[in-house]
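The data blocks that follow each hold one structure.
Consider the two complexes below, in which chain A is the common component and chain B and chain C are the respective partners.
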Partner chain A sequence: MRFIFKTDYDQDIRILKHSGYWWSYGVLLAVMLAAPYLLGSYLQSQLVFVFIYAIVGVALMILTGFTGQASLGHAAFLAIGAYTAGFMQSLGVPFIVYFPLAAILTGVVGALVGFPALRLHGIYLVIATIAFAFIVEEVLARWESVTHGNEGMRVRALDLLGMPVPRDSEAFYYLCLLVLVGAVLLALNLLRSPTGRAFVAIRDSETAGKSMGIDLAAYKVKSFAISAAITGLAGVLFAHKMTFISPEMFTLLLSIEFIMVIIIGGAFGVHGAIFGAIFIVMVDPFLTALKDDLPVLVASIGDSLGMSPEAAGQLREKLAKIGSAAGLKGAIYGLIIMMFILFEPYGLYGRWLKVKLFFQLFPLYKRATFKRQKTYVKSERNR
Partner chain B sequence: MLDFIQQLVSGIALGCVYGLIALGFVLIYKATEVVNFAQGDLMMLGGFFVFTFIGLMGIDYWLGFLFAVCGMAVFGMATERVLVRPILGYPQFSIVMATIGLGYFLRSIAGMIWGTDDLRIETPFSAGVLKIGDLVLAHDKLSVIVATVILCAVLYAFFNYTRMGTAMRATSENMLAAYYMGIPVKRVVSLIWAISAAVAACAGVLLAPITFIHSNVGLVLGLKAFPAAVLGGFGSIPGALVGGLIIGVIESLAGFYLPQGWKDIAPYLVLLVVLLVRPQGLFGLSMRKKV
Partner chain C sequence: MSFFTVDGISLQFGGLKAVDNVSFSVTKGEIFTIIGPNGAGKTSIFNLISRLYDPTSGRLFFEDRDITEVPPHQIAKLGIARTFQNIELFENASMLANLLVGRHCHATTGLWQEMLFLPGVRRAEKEHRRKVEEVIEFLDLQAYRDKLIAGLPYGVRKVIEVARALCSEPKLILLDEPSSGLNVEETDDMSFWIRDIRSELGITVLMVEHDMTLVNRVSDRVLALNYGKVLASGTPAEVQAHPDVIAAYLGA
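Up next is the complex of A and B:
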């Protein structure tokens, strides 16, 4: 157990609170920098997707996790970023111009979405963001002179100051990593500033926040704008990674996936966005691998337990049949969401904290530390 | 003019479909302030239940209808017990996510059990049309309109004039206080899920001849019914019907008079405008603590 002797007021708000942070995050960064040379091209490509999802996760964390404004429309912000990149590139605008431009554009759109959010809360806000996402999706499909409609749009390889950065290159990996680190630092810095504290106050109680003199309207719009702008940056990277974008890639299901990132990761800290992104991106290849290997594995276990070869073979075939059934992925996705909400409401990061605390306090760990307080439903109608 | 009236009538029929599903949303919200995103999928499941009873087992239509409704009521109770009760009282959004997860789960399980083809059943309303002058209205759509109006009226009376309805309203205001007043809160919540699932089953059965039964029908219709519920003011039973009618009529008229593409987004545009003007929906009650 580490005891920190505080000698300075700034110690409370430092991003790297003590030497342990330097060590662990330094090592993490070093591993991430070395990763392209250690991993195969497939895993490197998956990591790029993890980074992109994590950037969106951080953005959503600012909005949902810190400010408490739920959004099921982030796929639309991603789409706006991606299409800005595609369109600007086709006009010959260089990357260093359209990258920030995408952020500004989505930020402005985000602020516009934030305005109705001033008067809406809870479920009304969720439905408003869904409506917004539908409208954006339809506009993308119809505005053919810019977006090429449902045919979709090719995005050429990224061109960074005359240096081509193809989607599978190490340079692209580092670019995504850089943007992610930037987004994380931005979120952490925001959180320790008055703005971030205002966000958290709004999340905890709008009434209390208002009576402390927080301008709800300004901060909600700010939160939406910042979140949308970061998502727009992710959108540019997404477009270059996919090399092809079309409206049906940015549906409600993608927005739900983004929300899953922070729910599964744990919606109370920036770590959660990263954990959640790793989980969401990796669950798909993991399930595919499981589908191929699990029947064989189960059959061989059955075999070693003295099952007859025919029975083991039948078992394997049956499992393979279930595994290849259409829509199994959806069922497992659904189960994962429900299980996390029921049994691990603090997400993967919450589990990580529990494990950490267990070792820190070794013989003295109490389960009750993380027990949720029993709460009762109270009408939100007159809060 | 006749075109307009015909579009209006088919819009009203469509609106009643949305209203019927929205009714399920509203019921659960009204009693427990939980939003059930899987409502459309409960409806889909009701459709599959009735297909199993009528299409596969060959039971009489009305008896099969009854079985499906009862089966869904039990299913609704089970869902409440397993999924909702443990997280009741935690932030609303986590319950929303849990029901989104449930929706995913039900959709793919239904697809695995009953296949992904469009299924259809023979109903007494399948053929037959009602003609008033030059106006044509199919019986299956008429059955939806009638059922929606009856269900709305019955449930409205239930909420406003019975002891159980009052208990449900009290529960939604403040669960702890309701418990202290001797209201069996757990039973109330369980019952409302049963009722809501039964309403979803009614919708599923009545829609079976119109939309056919397939595993994605709930997602598609649920996403349209949801704005209907919000438009009417979540938590108002007549509001669900009115919201559904508005969405249905707008969609129908936009499809007829406006260029392609407007049909799908017009309801959402109207929804955003209404929410800007009246954030609590048309019939919703909203009070805010003044600071």
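Up next is the complex of A and C:
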């Protein structure tokens, strides 16, 4: 275990608290930079999706994790970013213009969503954001002159100052990595300055926040705007990665996936967004593989255990049928969320911290180290 | 010129008059205590002062300024800080972060500056930390600096709440039952701190308190309240000898 003896305020403020962090994050960054040359194109492509999901995860972390305002409408912000890219590109606007423009546009829309959200708490806010996402979905389907409606829209390869950056290139990978690192730094910078602390204050006690001089309305709107703007950036990258966008790509299920990113990763720190993104992006190919291979595997095990060939065949058919049932993915997602909320509310990152502490303290780790104690009854009177 | 004045203030919840035409004024540098049985309307008065509630009638004046219509988030900036009866700390943040929120009303940095963490922000952050450190020193909270509030014992939280209020460098501090839930020793410490807040930091104290020993020990003046109405006011001894006060407490 390492004990830090603080002798100046810079030590508090610094993002990388001590030399150990420099090492581990340095190595991580080096691995990420080398990855395109080490991995096959499939894994590189998966990593790009991890980055895009992680950018949205960071955005959602700012709004939901820090400020405590839940949103099931982030797919809509992603869509606005993506369509801004597609439309602007078709007008011949260069990437370096429409990339920031997408952030500004989604940021403004985010602020507009934030205003009515000021009076809503918890489940009502969730419903309002879902309604917003439906509106956006509907507009995308109907506003054919701009979005080509349900037919969808083709997005050409990204063109960075005359240099083409195709979706499978190393350059695209680095661009996504760069935006992710930028988003993470931005979130960490906010956290160590008054605005980020005001967000956290609003999450934990609006009453106290108000009395400490925090203008709740202003900060909630700021949080919505920042979160939406970052998601808009992810949307641009998403459009270029997919090369084709249509309204049905930005449904409620996608918003749920984003919420899962932070619930599974752990909603209390930026790390959680990364962990969650890795999990979500990797769980999909895993489920597909499971769906294809599990029935065959089970049948062959049954076979080797002396099951009759017909019975084994029937079993395989049955499992394959269950595997291809509609809505199975949603059900499994639901199950995963419930398990996390019940058994590991701090998410994968929380689990990681516990494992780390276990080894640091070995053999003195106490099981109750992370148990929370409720020492008083919180009054909700002043809401 | 009076420092802080409550002028005929009333607050109505439906048919219930929680505060009924209450007037008093606090002079600079005194410790003024409001006492009264449960449900007398003490916390409601605090909520009116910190503008969480709008009064049905009456006015509030602070340093000769009418603050009856000032929005709640601007009260801290004027120099009025408070604690809460049920403790309203930011549970999932460290003590340091909590105290730094106390300095929010002195924040000068803008959003863009903060996102990029420009040198100006770093300078301001250090200044905030220096001020916070003084309060940590003053209330002996060094041991909890980087601890999460959620894991701290009740007594410590109570002190941290006072610390957070002090971090805003107020002129007037409102303490809602600072000793409730504390044991005898902790109450003793609290009474010393309350006196130090007045004598060393020069902050005027307006508090609500049930513990009569503490009230007698620190208060210059006391106001007794029942069913939202003022029963008596004066020195602690005078108020406790007042027949209406005795009747209210004994339920006679």
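Just so we're on the same page, the second predicted complex is superposed on the first by the 330 of 383 C-alpha atoms of A that agree within 3 Å, B and C clash if a C-alpha of one lies under 4 Å from a C-alpha of the other, contacts with A are read in each partner's own complex, and residues count from 1 in each chain.
FYI, a residue touches a chain if its C-beta (ideal position, glycine included) is under 8 Å from a C-beta of that chain, and two chains touch if they have at least 3 such contacts.
Please read these numbers as outputs of a predicted model, since none were measured by experiment.
In the superposition on chain A, contact of A:G330 is made with chain B only, not with chain C.
Of the two partner chains placed by superposition, A:A311 touches none, neither chain B nor chain C. Of the two partner chains, chain C is the only one touched by A:D12; chain B is not.
In the superposition on chain A, A:F268 makes contact with chain C only, not with chain B. In the superposed pair of complexes, A:K222 makes contact with chain C only, with no contact to chain B.
Once the two complexes are overlaid on the shared chain, A:N189 sits against chain C while remaining clear of chain B. Looking at the shared chain after the overlay, A:V97 reaches neither chain B nor chain C. After overlaying the two complexes on the shared chain, residue contacts for A:T207 are found with chain B and with chain C alike. Of the two partner chains, chain B is the only one that A:A141 touches; chain C does not reach it.
Annotation: chain A residues 207, 210-211, 372, 375-379, 382 touch chain B in one complex and chain C in the other.
Residue ranges on chain B touching chain A, taken from their complex, read 29, 32-35, 83, 86-90, 92-98, 100-109, 111-112, 116, 171-176, 179, 215, 223, 226-227, 230, 234-235, 261, 264-265, 268-269, 271-272, 275-276, 279-281, 284-289, 291. Of all the residues in chain C, the ones that touch chain A in their complex are 47, 50, 52, 71-77, 81-82, 84-93, 96-97, 100-105, 107, 109, 111, 114-117, 121-122, 125-126, 129-130, 150-151, 153-154, 157, 164, 168, 181.
Residues 64, 70, 116, 119-120, 122-124, 126-128, 130-132, 134-135, 138, 141-142, 207, 210-211, 252, 256, 259-260, 263, 325-331, 333-338, 341-342, 345, 372, 374-383 of chain A are the ones that touch chain B when the two sit in their complex. Against chain C, the residues of chain A that register as touching in their complex are 9-10, 12-13, 186, 189-190, 192-198, 200-201, 203-205, 207-216, 222, 268, 372-373, 375-379, 382.
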